[in-house]
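There are two complexes below, and they share chain A, which is joined by chain B in the first and by chain C in the second.
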Partner chain A sequence: MKKMNYAKIIFIVFALFPFYLSAETAEEQGLRIAKASYENGRGFTDMVSDQLMILIDPKGNEVTREVSGKTLENLDPNDGDKSLTYFKTPKDVEGTVMLSHTHISDDDDQWLYLPALGRVKRISSSNKSGAFMGSEVAFEDFSGTDYRKYEWKFLGEEIENNETFYKLESYPNYENSGYSKRISLIDNLNRTYKVDFYDRKGELLKTLYLEDYVLYKDKIWMANTMKVENIQNKNITIFKWLNRELDVGINKKDFEKSSILRLAD
Partner chain B sequence: MNLEDRIEIFGKILVNHRIKVILGSLLIIFTISFGMKFLETPSGYRGFVEEDFKYYKDVLDLEEKYGNIDVLTFVVKPEKGNIFQKDVLSLIHELTEISWQTPYSSRVSSITNHQYTTVDGDDISISDFVDDVDSLSTNEIANLYGAAVLEDAVVNFVMSESGKIGLVNINLEMPEDIAFQEPISFAWEQKNYFEDRYEDIFVGVAGSAQFSHNFQSTSESDASKMYPSFLLLIIILTYILLRSVVASIISLIIIILSIMPSLGAAGWLGFEVQPPLITAPIIILTISLTHAIHMLSIGLTNMTEGMTKNDAIIESLKINFIPIFLTSFTTAAGIAGINFGDIPAYSEMANTVVIGAGIGFILSVTMLPAMFSLLPINARKRKSYVLEVLKNLGELIYKFKERFIIVITAICIAVFSLLPNLHFDDYFSTYFDRVPEWLEVKNTVDPEFGSSFYIFSDMQSNEPDGITNPEYLKKLDEFEGWLLTQPEVADVSTISDVIKSLHKNMNGGLDEYYAIPDNKALIAQYLLLYEFSVPYGMDLKNQMTADKSDSRILIRTNNSTSMESVAFNARVDEWVNENISPFKTNGVAGIPIMMPQLFVENTRGLVIGLLISFTFIIMVVGISLQSFRYGIISIVPNIIPFVLGFGLLTLATDMVTAAHQFAVLISIGLVVDATIHFLSKYKKALAINLPPREAIQYCFRFVGYPIIVASICLFSGFLFLTQSMFYYNFIIGGMCALIIMIALLIDLLLLPALLLIFGKKV
Partner chain C sequence: MLKKYIISFLFVFLQYLVASQNAAAIDYKAYGFIQPEITTFFNGDGRHGQSNSNQSIFVKGTFITYLNNGDQKITINTTGRIDEKDSERSYIDFQKFKYEQYFDDITLKIGNELIFWGVNESFNIFDIINQSNLAEDISGTKKFGQPMISLNYNHSYGNFDLFIMPFFKERIFPGRNGRPRLALEVDKSTVAYESSSKKNKIDAAVRYSTVYDDYDIGIAHFYGNNRSPELNVNPLSQKLDAYYPILSQTSLDIQSTKGAWLYKLETLTAKNGEERHFGIAGGTEYTIYGLRETTSDLGIIVEYTFDDRNDFAFNNEGVLALRWTKNDIKSTSLLAGLVADMSGSSNRFFAEFEQRIRDDLKVFIDMSINGEIDADDFTYAFEEDSQLTLKIAKYF
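Then we have the complex of A and B:
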């Protein structure tokens, strides 16, 4: 009898399958996957890491920049994380510190301590969609991991390298974006594998690959390598996270503007 | 068996197998013509230089480091007042936004998206200079000018100093071998759309992209406008000259069949349809036409004198075969001299004409007689008043031969004295002055900005992060300061300008801090800050290398002539050699440097080409007439037209451009044709023991009319070229027409007199 029920349930599920599909629109499904993917990397409380940024030009010349960073997770779902970036190389920028308070809907707050000037400068800029430090990466690519900044749409499944991915399309819902849309491939563990960025005129601009995923605290997936290939100018930027540690108990006060001077030394 | 007998046998074979000859020729012609499919769209100004031309390589090197140099610019000018009016700013703002949609665009800059920094103590705020136009009061808008005019990156780059003109600059990253068609079409759609919506605001399309596209658009408009009407003219002309519809049709067929395979061969050879190539069919056409006229007119004359159609054309072939061969040969030899120049587009044109001359010759002595034999032709007796005039002229010259020589010599000397007024030079910026839309934009932009063109330089610090070195920036600043003292330079933008304004903004916005700080670390940190706050498409990648070892200098130029530019380039090199150390630079590069250098090299090549072609032609004439004396005599009527032509040119200009030089090489081989016809007939007359007086009459009777007819054909062909939208084509057409007319007069008035005095002995 029990077996019969089981078979019945399967039958009903299959019979209802078309209804099941129509129950969730492509937009809702896209948002659901994007949200799951985003939440996949949440819950770290705080984080420290060293980072390498490697710039490679079309001729193969390489330039490497080193920074280290601290991030404080914002548990308020309506606001963004806070982060501190310490610049190490080149020598001339050593000791420069950047503090960012990201926001979901407002412009980010950003302070920069310039040791050579001995002062902290507050930079407010409504439009930071440009690639920074000569790389192929823009600020919005980092903040863009927050699913709330985009409208989503599920496009279907796609097989790449013998693996099946969810294919999502997303459009920025904030002004001044450098992109018209993005196409993301997300694996069945909700980890983003690849993102294609389309420029304002709808042409493929660059492709981001997320690699070296590591599972932290048994629940948080983080990619320790990020590779961006600009299709148009043929430059490549690679980010590597080294010595990443989560939940180390950083003082929240470190992420206040008044602390920068103290922390810089 | 002598040559004439062989030609006669050849003629008989042609006539007997006329269908086979016609069909065979058609088959070959259509096969070659198929190559027209492969004619390449012009690559704009880049197709005007050889790929390994040093000054083009400089441009390519720069592009490899900092991206493509090509810019598409919208010029926005209100009818009244400056751009700081609500509707004008709305237009610029909207145009700026839509410009990001331009195919292949990488950056867009204008007054509205200019990144404007305001400082309040340690708070630095960076935003678009004009964002929400509607929210601004009239007063606020009017005050914007005062702020804009203080911005380095604004004045002369996105706004004229007076504020009367705003620009929207779009940087293009064109993939190799892609023409500007798509971005230009997009830009013109916008221009038309915005001009419709805003009645009193002019929107123009400018920049190197439009300049480059003009090569393509003038080729297209020239071909579509000139060819059909020219063919019509030819039909009318041949009918007037030959008085036979069928003969006119035969010449038209021969012409079209000469042009098609020439262009087909050009296609097979991978030539580009640059504006110069557009002249090739017209030149080929006139050359083939003169052949056809010679063949047909003598054929028709023979028929009126009672010969059968086949005999008439075989006789005509006997008379014309050698002169047509020689004239085709000299024409080709003259034009081939263009290959000594440095402009591939002209070499391709020249080689197409050379091929066309060859095909024209072959068709004139094969297919033409075959068609003549096949088609029904009625010869009508022509009115002989031309011959009457020529006969009287011959008598006149015989009587007053010395006076003819003296008068013409006197005129030559007088005109010759004008020649020192001329010098070699040109303005590459005038190439498209005959295109009304381009001229309108040019006349709008140039008075306010100097010109639409930029040049570039690249200064190397020789070490990573070297550009943050204060010494480097100060040297850069010094270089910029020196450049600004040069009359060829309108404005300069460097990375040191960026550093200076950063230094000012980091110090409360005080003007006294508008300078380069002495601390390398500080500069590096400023730059780091700057790089964190730039919007999409405004990063410094087009201004410095990723390792920050080299930076680019952007120079807006004033219009200068080629010679001025070359001299400027030399002064830059000299200054750089003496002052730039320990840093390095390769000097300046860009269109306004490359085109003038091309002109100089090209001129050098063409002078050599002219000497070689001319010597070769005179030798051919001498050898073909088997007379050293006639070779020497032939030099006189072939040089005088050029002396007189260029003498008359002084009335219009003092500049001998590359186009004038091309005109010499194109016309030299044509001018010599009439001399060949005349001399060969004179020699023949003497050979049959006619006295000089009768010999001159003989020449006038047999070649006088064809020479006049041929010259009229050539003259009208070249005159037609003056309709071209491409300035060089216009000059070439005008110069060639003038020279050919003068040559006709000299051949009719001076050559007989010279022969009467110096040509007695053979």
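Then we have the complex of A and C:
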């Protein structure tokens, strides 16, 4: 009888085990996966890369834009990274330099050097939903990669292309976002595979596909292709990272306002 | 003479630097554009007998190279123009022709440089380092390169700059056939200076600037030949005689960036010759992003400037402007606004449109329409110079 009880307890404990797991709310589970996915791309210290942006209109006409950039990882987990972007094409913007100091809960600090004006201007960064260089990529798609900028919810699992993904819903918790919600598919290595963006009216606006994942330093996953299909205007933007190198030892003073002129013309 | 020696020395030095590098390893950037322009004036021939149209070609070329793993940089930035009507508007200038050496926290710079001081969109009242080319643009925003030796010290408390500037350059005014131009010509043979060293006076400036949270702050002092001369009518020649006093100017600039609002302030106190004056200019810029659920932005700019000199041309002026940016693939934008003299009835409307029409072509349309201008206003000479200019830039 006693033995029976013992077995019964073990049985009950095992039977309950999945319930203990799911005692985590959908919000907690979403946050946990989003955090793991975010941390997948952390620890790079600094990064240099060239970037190609291909803009394709519904008729299939293509134009290519080239920029190069440096990023400095913020070792303070409560503050954002710093990045410096140099514009190469179209030719009329060649020599333009943008410096961003991103923040998690505050507006980013941004400065722009425009060759035609020959001056460094501090610019407003509340332009979250604005298009980056006429593309389908919004500024918030670059600056809003930190999981803490959203509220998360785990929706369940979904199978796409014979692969099982976690399906998460997220809502921006900063002002001036162009999105009411996003739905992300994340694979079992915590890499984001696909994100659907819904506009302020709740209509599907665009879908982002993250491709060409490369494992850097044996621990950091980064997607080297980002494809955005705008469902409403039928435009496509393909963003490619070329020659990406991590932990190259960039001086952190390169990311100060006064250093913009070292890159400027 | 000395200037020629120094320029040739700089050339030889740069050649030495470039030659000392492994030729195959030299990485450089070179780009530029050529821009034909056509202008038509709405009021027919000008008040001073100028033509009702003009054609012009503007060019700009940039060359940059980094040496020794980026510790040294050479920048050459040349601009030039060939103007059909105004010989004073045909020029070539090395706006930048400089060598920079980067140490840990210090940057040493030798050569021609453009230094912009200020935060405002319209009234940059203490932007004094470079001489203005009024023939190129009567607003004075187009500048010539200034030869200098400059040191920058980047400290955690902010940036300290020191500028030592030999080779003063006289202001260039529109010539007899230039439009717009002053009622009288500026006599180049009678230029006078307060300083006994005249144009050989070595000017100096210091600036401290820092970023504190949402604030970008700068304090500067300039001592040297004023870039802006006093112009006095010579009753004999019926031309204007230019006199350059010594200017000792202290300035403060602040920009505060609060979300979609930018607040800007420039202020100065200066002793120009024997007289002290005070000036202040500032305003705000607010941007509506994603106008009516589109990708376009609309910026609203309001700026005002005051100067306590009654005879100063811009002593009580305001600007109201709208900047529309479409954020499309063609980078379409339009800036339009009104400049008004608050103490008189003079006013001017302007509009500047631009659009990329091909990857290497961009079109610009600039319009300026003068309203009624008081006869005693400095801009009265330009009253009939309302104009439309079409520019097409081809980039290389």
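In the analysis below, the second predicted complex is superposed on the first by the 244 of 265 C-alpha atoms of A that agree within 3 Å, B and C clash if a C-alpha of one lies under 4 Å from a C-alpha of the other, contacts with A are read in each partner's own complex, and residues count from 1 in each chain.
Assume a residue touches a chain if its C-beta (ideal position, glycine included) is under 8 Å from a C-beta of that chain, and two chains touch if they have at least 3 such contacts.
Not measured: the values here are computed from a predicted model.
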**OP:** Answer with clash or fit: chain B and chain C placed together on chain A by superposition.
**Re:** clash
**OP:** Scan A:98 for contacts with chain B and chain C and give back first, second, both or neither.
**Re:** first
Original post:
Does the superposition put A:178 against chain B (first), chain C (second), both, or neither?
Top reply: both
**OP:** Quick one: classify A:262 as touching chain B (first), chain C (second), both or neither.
**Re:** second
Subject >> chain B versus chain C as contact partner of A:130, first or second or both or neither >> reply: both
Original post:
Now for A:87: first (chain B), second (chain C), both, or neither, which partner does it touch?
Top reply: first
**OP:** Considering only the touch criterion stated at the top, classify A:253 as touching first (chain B), second (chain C), both, or neither.
**Re:** second
Original post:
Pick from 5-13, 59-67, 113-121 or 239-247: which stretch of chain C gets in the way of chain B?
Top reply: 113-121
Original post:
Looking at chain A, which of its residues have contacts with both chain B and chain C?
Top reply: 55, 57, 63, 90-93, 115, 117, 119, 122-131, 134, 176, 178, 200
Original post:
So in the complex, which bits of chain A are touching chain C?
Top reply: 55, 57, 63, 89-95, 107, 109, 115, 117-119, 122-131, 134, 176, 178, 200, 253, 256-259, 262, 265
Original post:
Which chain A residues qualify as touching chain B in the complex?
Top reply: 55, 57, 59, 61, 63, 87, 90-93, 96, 98, 110, 112, 114-117, 119-134, 138-139, 176-178, 199-201, 232-233, 235
**OP:** Going by the contact rule at the top, pick out the chain B residues touching chain A in the complex.
**Re:** 64, 67, 100-103, 105-106, 122-128, 173, 464-465, 468, 506, 519-526, 528-529, 531-541, 544-548
Subject >> Touching residues (chain side chain C, partner chain A) in the complex >> reply: 29, 31, 33, 62, 64, 73, 75, 77, 96, 100, 102, 105, 107, 114, 116, 118-119, 152, 154, 159, 209, 211, 214, 216, 255, 257, 259-262, 287, 289-290, 293, 295, 297, 327-331, 356, 359-360, 362, 393, 395-396
